[in-house]
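Dropping the structures in below, format is structure tokens.
In the two complexes that follow, subunit A is the common piece, with subunit B as its partner first and subunit C second.
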Partner chain A sequence: MQRLFLIFLAAFLINNILLIKFIGLCPFLGVSSRFDTSIGMSMAVIFVMTLASMACWGVWNLLLDPLGVGDFLYIPAFILVIAALVQFIEMVIKKVSPTLFKALGIFLPLITTNCAVLAAATESVKPGFWKLSLEYNYGLGEALVYTIGIALGFSMVIIMFAAMRERIEIAPIPHSLKGIPIAFIAAGLSSLAFLGFKGLFGI
Partner chain B sequence: MDTSIIIKAALILGGTGLVLGALLAVASKIFYVEVDPKVELIREALPGANCGACGYPGCDGLAEVIAKGEAPPSACVAGGAEIAKQIAAILGIEVKEEKVAKKALVRCGGGKNEVAHRYIYDGELDCEMAQQIGKGPSLCSYGCLGFGSCAAACPFGAIVMGEDGLPNIDWHKCRSCGVCVEVCPRGIITLVPEDKKVHVLCCSQDKGKDVRSICKKGCIGCKACEKICEFDAIHVVDNLASIDNDKCTQCKKCVEKCPTGCISVLLKGHHSVEEVAGTV
Partner chain C sequence: MKRSVWRDFTIGLIEENPLFGLVIGLCAALAVSSKVENAIFMGVAASFVMVASNILISVIRKAVPNEIRIPIFIVVIASFVTIVDLTMKAFFPAVYAALGVWIPLIVVNCIILGRAEAFAYKNGVIRSIADGLGKGLGYTLVILVMAVIRELGGTGQIVAFENTIISLKGFQPPQILQSFPGAFFTFGLLMGLLRKLQGKGE
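Up next, the complex of A and B:
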């Protein structure tokens, strides 16, 4: 239990995908200008990232690893699986729940080929890329907790950032910094703040 | 060199791709959602500018509502009578009433040459922002600021800023969506019936003396037009003449009488419709 908690914390805060690892920057800056779109995007990311990681975990453990081709084939295979999965989910949601489709609809295709989703999927089956100093197996439970941690970390940061940007929008800042430049400065400062979590619980 | 691993990799990836492709093909049949073909037809007939003047979320939103019968075929404000007819034809019904199309009109004649500025505004070219700094650089607190927010906002590209610093609205392109009306921080743009040509091109409610000191073309509230009008169509309220479009017969007597020339016949050399006059 404690291990799972530490894995979650490591993914959620200490190795935050947006502010520490700087993966998935395009939705981070592109969708964070308005609060409600950032919430829609977050929900879609949590949803897709979790499912994609689970599917990729299955593909790795049942297909790629036993056949000994995983080491060099995992990226194309995962991209294939994630893209197909998102398409499939989109169709199912459209049929089953039009309300959910309206809420997530435009965000689903956006994250089909998002690097954050691929990174989460890769990392949940092949830990080491991010060098968590945690002993962490390839178990399904751990992979699930890990992915949810990353997805929630992504959501927390993007929602927090959207709230900040809405305030910056009306703040008296120099004309030349308006828009994306001030967003980058804010992102850098937030990233510095997140560095403070490093070493928490000795992770 | 061991080639078997290459073949294995190709087979695995190809196989996965084929299986997933087949699954998606099956899924697209099972989970197919039928779309009302009328929605697509109506969507094509609509202008597609997503101006939102109808009150629905864009043209897609309106097309759905019209197809369901919850909105009349003439619900598209920007489309006007012609598009209403097209949509009615798709739905197989008749358009009930034919409205006179409305067009946007800038009710100000005070351009760069007429009105001086109190200070040099050096900020972003946006009327709303300029208005926030000491109520705008223009001496007249009612007239056009001239930074072209309406031109930037117009979804149909009908507004161009003229050399005199006033917006030029091309009535051929104007679809009366009302976006410019909302954007203007001073509220000087209104929608007027297309067939009415006589308008007071001033919004100033200042007293005549004050208007005279800051603008050559402003309404000074002298009531000359009110007296000469035979149809009781013009009244001066709050130092500003206003024409009742229902009573106005376009006799143009007031236009000749107005000492400052702020009552204008459109299509005859007024800044906002010069373009139109040339193309009619």
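Up next, the complex of A and C:
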């Protein structure tokens, strides 16, 4: 239980995917200019990322690894799984819940090329790229907790940032910094704050 | 209005620079720009994948059905990324360890898929090569400039390929430039500077 909590915390705060690991910045800048789109995007990411990681975990542990082809097939395999999954989810949601589809619809195709999803899937299956000082080789439950941590971390930052950017819009800032550049500087400051979590609980 | 091949190449350097102009493919750019050596390898890897996938997609573009073009593009890109991934692992293990997850993530680098979709799918092979080279060079230039600023400013010296190229004596380097926030600051300020020089705000 304690280990699960540490894994969650490591993924959620200490190695926050956006501010510390720089993954998923394009959708982050794209949708964080307005509050409601950022919430829609977060929901879609939490949903897809969790399912995608589980699917990739299954593909890796049941198919690629036992066959011994994992090392050179994992990139195409995972991205195909993710692309197919996103398409599938889109069709299911459209049929089952038109309201949910209206809310998430435009974000779903974007998620295929969201590097955060591929990174989360790769990391929960083949841990080690991000060098957390926890022991590796996640079981299904741990991989699930880890992915949910990443997805929630992404959502928290993107929503927090949308609120910030709505304020920045009306602030008097130098002309040439307006828009994307000032967003980056704000991201730098938030990232500085997140660095403070480093070393928490010795992770 | 048909642009010349040379124009296809040069437009990627400044006006449609993938990082400053189109603002895509940022994640990897920020992450690898902490060392000049990493930036060079990442730039070369991304440019190679971009040119190679542009060529292949432009060759097969008439045979690709419109509805499933995105999965096909992704498979093409993923194959080239796997080539880069395994080559680097075999010949440059140290750099491979430093770049880590960023090599597989070239697959979902929006620049490459974006060029496949917006350019290679609609244009001939020669122009697609020019486009890929231009965008790749533009990308490499920007991460190289950032890496020089961040490595020189953050550690006081530039070490590439086991040689110290420049070393500043008596300079107390602010380490923040090396860390994550420094990447955001450097990029934001550089972009602001470029806009100022071009004389345009938003």
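Here is the rule we go by: the second predicted complex is superposed on the first by the 203 of 203 C-alpha atoms of A that agree within 3 Å, B and C clash if a C-alpha of one lies under 4 Å from a C-alpha of the other, contacts with A are read in each partner's own complex, and residues count from 1 in each chain.
Keep in mind that, in the parts below, a contact is a pair of C-beta atoms (placed from the backbone, for glycine too) under 8 Å apart; a residue touches a chain by one contact, two chains touch by 3 or more.
Since the structure is predicted, the reported quantities are computational estimates derived from the model, not experimental observations.
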Partner contacting more residues of subunit A (subunit B vs subunit C): C
Partner chain in contact with A:81 - subunit B first, subunit C second, else both or neither: first
Which superposed partner A:95 touches (first subunit B, second subunit C, both, neither): first
Subunit B versus subunit C as contact partner of A:72, first or second or both or neither: both
Which superposed partner A:48 touches (first subunit B, second subunit C, both, neither): neither
Partner chain(s) touched by A:174 [first = subunit B, second = subunit C, both, neither]: second
Partner chain(s) touched by A:187 [first = subunit B, second = subunit C, both, neither]: second
Touching both subunit C and subunit B, counted on subunit A across the two superposed complexes: 72-73, 76, 80, 84, 175
Contact footprint of subunit B on subunit A as seen in their complex: 59, 63-64, 67-69, 72-73, 76-77, 80-81, 84, 87-88, 91-92, 94-96, 175
Residues on subunit C engaged by subunit A in the complex (per definition of touch): 23-28, 30-31, 70-71, 74-75, 78-79, 81-82, 85-86, 100-101, 104-105, 107-110, 113, 176, 179-185, 187-189, 191-193, 195-196, 200-202
Residue ranges of subunit B touching subunit A (in the complex, touch as defined): 5, 8-9, 12-13, 16-17, 20-21, 23-24, 27-28, 30-33, 123-124
Residue numbers on subunit A that touch subunit C, as the complex places them: 19-26, 29, 72-76, 79-80, 83-84, 112-115, 117-119, 122-123, 129-130, 174-185, 187-189, 191-192, 195
